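Each structure below appears as structure tokens.
Below, chain A partners chain B and then partners chain C, in two separate complexes.
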Partner chain A sequence: MSNRFEAFLGLSVELTAFSRFDLLGTGLAERYLATLDKVVGVEITDTLLAAFVALPPAEGEARIKAVRTTILGNELLGDVARALIKLWYSGTWFELPLAWMERFGSRPADTTFVVSPDAYVEGLLWKAIGAHPAGAKAPGFGSWAFPPKIPALPELDSKA
Partner chain B sequence: MSSYSIRTLDELKEFLHRAMQLEHATIPPYLTALYSIKPGVNQDATQVLRVIVVEEMLHLTIAANILNAIGGTPDLARPDFAASYPASLPDGETDFEVGIQAFSREALATFLKIERPAQRPKQLAGKGLIQRKTSANTTALGSHPRYEDLHFYSIGEFYSAIAEGIEYLEAEAHRQGTTIFTGDGSRQITPEFYYSGGGTLFPVTDRKSALEAIALIIEQGEGDGGGIYDNDEHELAHYYRFEELVKGRYYQKGDQPGHPTGPQVQVDWEGAYPIKANLKVAEIPEGSELREAAAAFNARYGEFLQLLTRAYNGQPSLLLEAVPTMFEFRNTILELIRNPLPNHPGMNGSPTYEIPGSTKQAAPTRQSEVIA
Partner chain C sequence: MLFPLESTLKADAKTVAGSGEYDVVIVGSGISGAIIAKQAAEAGKRVLMLEAGTGANITLAGYDDLLTTFYSAVSKDNQSPFPVNANAAMPRSPKLRKLQAGETDSSTYIVQSGPYVSDTTYTRIFGGTTMHWEAKTPRMLRSDFKTRSIFGQGLDWPLSFEEIEDDYRLAEREIGVSANVEDQQYLGQTFPGDYVFPMRGLPLSYLDQQVNKGIEGTSVELCGKTYPLKVRPYPQGRNSIPNPAYDGGKGYRPIGAVDTHQVEEGGRCQGNTNCVPLCPVQARYHSGKTLAKAFAKNAKAGERLVELLAQAVASKVDIDPDNGKVRSLEVKVYKDPASAAHETITVKGKVFVFAAGAIETARLMLASGLRSTSGLVGRNLMDHAYLLNWALMPQICGTMRGTSSTGGIVDLRDGPFRERQAAFAIDIHNDGWGWATGAPTSDLLELVDDRNLHGADLRRGMVDRVSRQLLLAFMLEVMPDESNRITVDPQYTDALGNMRPILSFTVPEYTMKGAAYGRRFARTVFARLGAQDHTHYDPSDFGYVAYEGQGYAIRGGNHLAGTHIMGTTRTNSVVDKNQRSWDHENLYLVGGGSMPTIGTANVTLTLAAMCFRSSRDILKYLH
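Presenting the complex of A and B:
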């Protein structure tokens, strides 16, 4: 795995609160990085990855604060990171906000679209709420009689 | 009566335990190949594998019904039940290894061997069992409890031995005014407990239903008496379904074995994740999420075998509870297969089916030597 892909995976783990295993298990990690490259361009993607790699190695509250101020609170990177979270959760790239386009220029590929048929199926939102995508990945006859299986939250620092 | 004929009820029970083991042992290889197929491709192959693996689950349950009918105790948690892969199976005069691997031409070649209809050639008729050629360390599926170093000519022959054993022992019992079918009828798995299961499930209560059950297992696998369909003439046997994928063409009514003439089947042999064949947990780096997930899957699978054991021992309604677990396995297997295997560039992970507490697993020391 390239350093670039590793950084993308690390960033995605932090943004989605799902594990590397979960993210790689969707089979879509490479395609989502390619989506980012295609929609906002390699340059902005690299800036986002560089900002993530340069984060202080702090844990818990300090780390979360650093992600907020350096990435989510950044004028250029914040909206891109939020679109990436939505991409992982729904398999859909959502067009960036008007304010972002006015400030940084619109991109021809930046429209709202579903990345691929399996991207919809592998959206993290289904796992997060213990449900399944309608028409795909059926959970089996009678499964509705059991409580939904919701994954435990990853361990955050107790102070967080 | 040959030296390997079944002579006692206990021996028949042991054969049926091995029949359950054999039927179950086909499921992990088929399931893994099925879920290794990438999304959006190989829809024909996906359908074929799915239908077959569901029928193997039916066969497992049918074998449990026969064992229950003669007063046996199905035990899928017995330490010698779960196979270690690769495991050996008979294929004519040789035996071969069946393993866990991705959907591929090699995998299909193995699957064809599993389901191959095989009649002894004339010169071998009545010659008895055949010497094993695979290592004595591998699990020998469909083997004779008294002759572990030998194998039957085919799986069909293994089942014929069971059918003859039933006939012989039931005739003996009749002479003494009794029957071997003394099992509690409430332990039978009947259709209301078995949702969408690849065929009709019926209770086994006597000689006739027991022999019908065995015939169903054989015919769904290799076809009826040399034909490509089972005896109801509507369902293609497993061997010929796999052959459709290899030959790239569907069978249609009237076709001769080996010569399908129906529409083309599209197969993308590259359309599968490149999993490492017969992966063991010990080969996955310690502390990695993949290793943790592979081990968790094995533990969960072990619990599942215990759940099936309870279902087959008087609590058939537990099979309904088992359904969501099987779908959960699908999701986990997909995740394991899509995760790259650390330190093996270009290769992905896989479920290992090393069931905790099973004695049939390969010695861990051998595995660590392989890595070193």
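Presenting the complex of A and C:
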């Protein structure tokens, strides 16, 4: 795996709280990195990845704070990072806010679109809530009568 | 279930036009048309079925294309699996807007002439709206057939419950209804002797059970009567576990996916939570299953009894001035949904059946200048009015799992209060606030963009926000009113030059009284559950209706009815109790349009039952 892809995966774990294993399991990680490159360009993507790599090795609250100040609260990178979170959770790239386009220039590929049919199916939001994407990965007859199995957040919960 | 291969070969327009007289010409391949086609074919009649939409989804590959279109759609609105086709357009909700007084909006397929703007819809494709429906299949109540005599509201049917009961059973067999008799015996509903439904009831969702825990044993008072509250299962046209006691112990064989090749799926619902807009495995009934049986009749007799001509839009009815009979039908046949190029053919038959849905059947009649002696074609348009109420339960309920809806609160479907206000049936949506707010995507956007959550906080936030969602959809009774109607006007036409439907509708006061009570009722239920009420109705909402100082966003119900109303004479109705036109003896107008009232039952089981009745009358007429 290239360093670039490694950094993208690390950033994605940080932003989504799903493990590398979960993210690679979607089969979409490469496609999502390519989506970033295509929509906002390689330069901004690299800036985002560099900001992630440069994060202090802190844990817990300090780490969250660093992500907020240097990535999510960064004027250039914040909206891009939020679009990446939404992409992982739903399979849809959501067009960047107007204010971002006005400041940094609009990009021709920046429209709201579903990356591919399987991107919808692999959206993490369904997994987060112990459900399944509407219309796919059916859990089986009568499964709905039982309480949901909401996956725990092991490493993070144990630290709290 | 197998479609005989030759049935999917497109009948070609030239052969159809040149092939003389059919016994029965049917417009529309929805459940209404399908039942009549099957009954006629079983009696050895030669049938031509015309379908305005495309027929590609007749094969599994074509059906699966619809699913891929759905997965890829940015907006998962309720027509998202069905490609745009300007030659056979269908209403699509996202473009609607509120009207100013006296304003008309012709920017969407149905011209909205107000004052109420309806997002009601139907699907123009092979299989009709059953490709899209949710498949709740309650029967109407005895009292629903005589609301005029009992409550002084609406109209009485020319048919009683007793007269339609046997046909309800045929419809339940055809659709393959899953329900338990003991769950359906509320409000005086009875089932004779050893009757059981074809399949056992679908289990209530965990969400339903949590709601039931909070309200069971409590009651409400209305007009001096006490109504106990409880979550009851809905009968459903989705495959469940067959009941071995069905049909005097013969049992029932569920029908899953249909295709030209043998496929083994859809025999049982798997909980895809996607019944609307499209069941991925075809565990939910669609009329292709009935048509497969009709087409199978061909093969046995060695000749094609049922021919399907898709991409064929019935455009004008030609009447013989001497006897009022339908002489022929003008049909526009197009090759490509993306182009308006078409040829016009003339089709002849002994009997004509218009099964194009309540709006399109009325549209076709009106576009042909046929208002009928009573002048009632297009009038008395009905559709259930939906009022949505949404809240967050105190505990995790596992929302977003299960079949779209399994249970509801249905004890206020009947009572003496119907003298004053509409009855309602409430269904609990297993997909949470989806219908009201666009959940769970809208929740994701809010949590990420506005609440600035990421990482573990976001994961926990999604659970907290989505898995506790409860939506109570109140389906309110709407009575017939002649001024609620479909009309046509040559200034509004579609790609093929056919006149489009114009909808004028006012939500009746009777219904709004029920809505106002429904809102109070929802608040009472939420209070008993300790649920946080998140309901709000935006005054700029296209369906916003003000009533007695409050405002409500009313949604269309997709349960269209009344536009060719059934009655006792040619002056008070368009069709007789067999759905035969009073004015044109070889013409049957079938489907929801014939219903004089709709009570609080989703209309399809009832309109399917009526089509069995009409089939017998058609066969009698042909002999």
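Annotations
Going forward, the second predicted complex is superposed on the first by the 153 of 160 C-alpha atoms of A that agree within 3 Å, B and C clash if a C-alpha of one lies under 4 Å from a C-alpha of the other, contacts with A are read in each partner's own complex, and residues count from 1 in each chain.
Heads up, the rule we're going with is that a residue touches a chain if its C-beta (ideal position, glycine included) is under 8 Å from a C-beta of that chain, and two chains touch if they have at least 3 such contacts.
Since the structure is predicted, the reported quantities are computational estimates derived from the model, not experimental observations.
Once both complexes are superposed on chain A, the partners chain B and chain C fit side by side without clashing. Applying the stated contact rule after C-alpha superposition, one finds that A:Asp22 touches chain B and leaves chain C untouched. Contact with both chain B and chain C is seen for A:Val121 once the two complexes are overlaid on the shared chain. Taking the Cα centre of chain A as vertex, the centres of chain B and chain C in the superposed model span 70°, given to the nearest 10. Once the two complexes are laid over each other on the shared chain, residue contacts for A:Phe94 go to chain C alone; chain B is not touched. Applying the stated contact rule after C-alpha superposition, one finds that A:Pro148 touches chain C and leaves chain B untouched. Once the two complexes are laid over each other on the shared chain, residue contacts for A:Ala58 go to neither chain B nor chain C.
When the two complexes are overlaid on their common chain A, residue A:Val42 makes contact with neither chain B nor chain C.
Put simply, chain B and chain C get as close as 6 Å, counting only Cα atoms, in the superposed view.
Within chain A, the residues touching chain B in one complex and chain C in the other are 116-118, 121, 138-143, 146. Of all the residues in chain B, the ones that touch chain A in their complex are 38-40, 195-196, 273, 289-290, 292-293, 320-321, 323-324, 326-328, 331, 334-336, 338-340.
Listing the residues of chain A that touch chain B in their complex gives 1, 19-22, 24-27, 116-118, 121, 137-143, 146, 149. Every residue of chain A that touches chain C in the complex is listed here, in rising order: 14-18, 64, 67-68, 72, 81-82, 85-86, 89-90, 92, 94, 112-114, 116-118, 120-121, 125-126, 128-132, 134-136, 138-148, 150, 153, 156-157. Within the complex formed with chain A, the chain C residues making contact are 67-68, 70-74, 76, 202-206, 209, 240-241, 268-274, 278, 280-281, 396, 398-403, 406, 430-431, 440-441, 444-445, 448-449, 452, 454-460, 462-463, 466-467.
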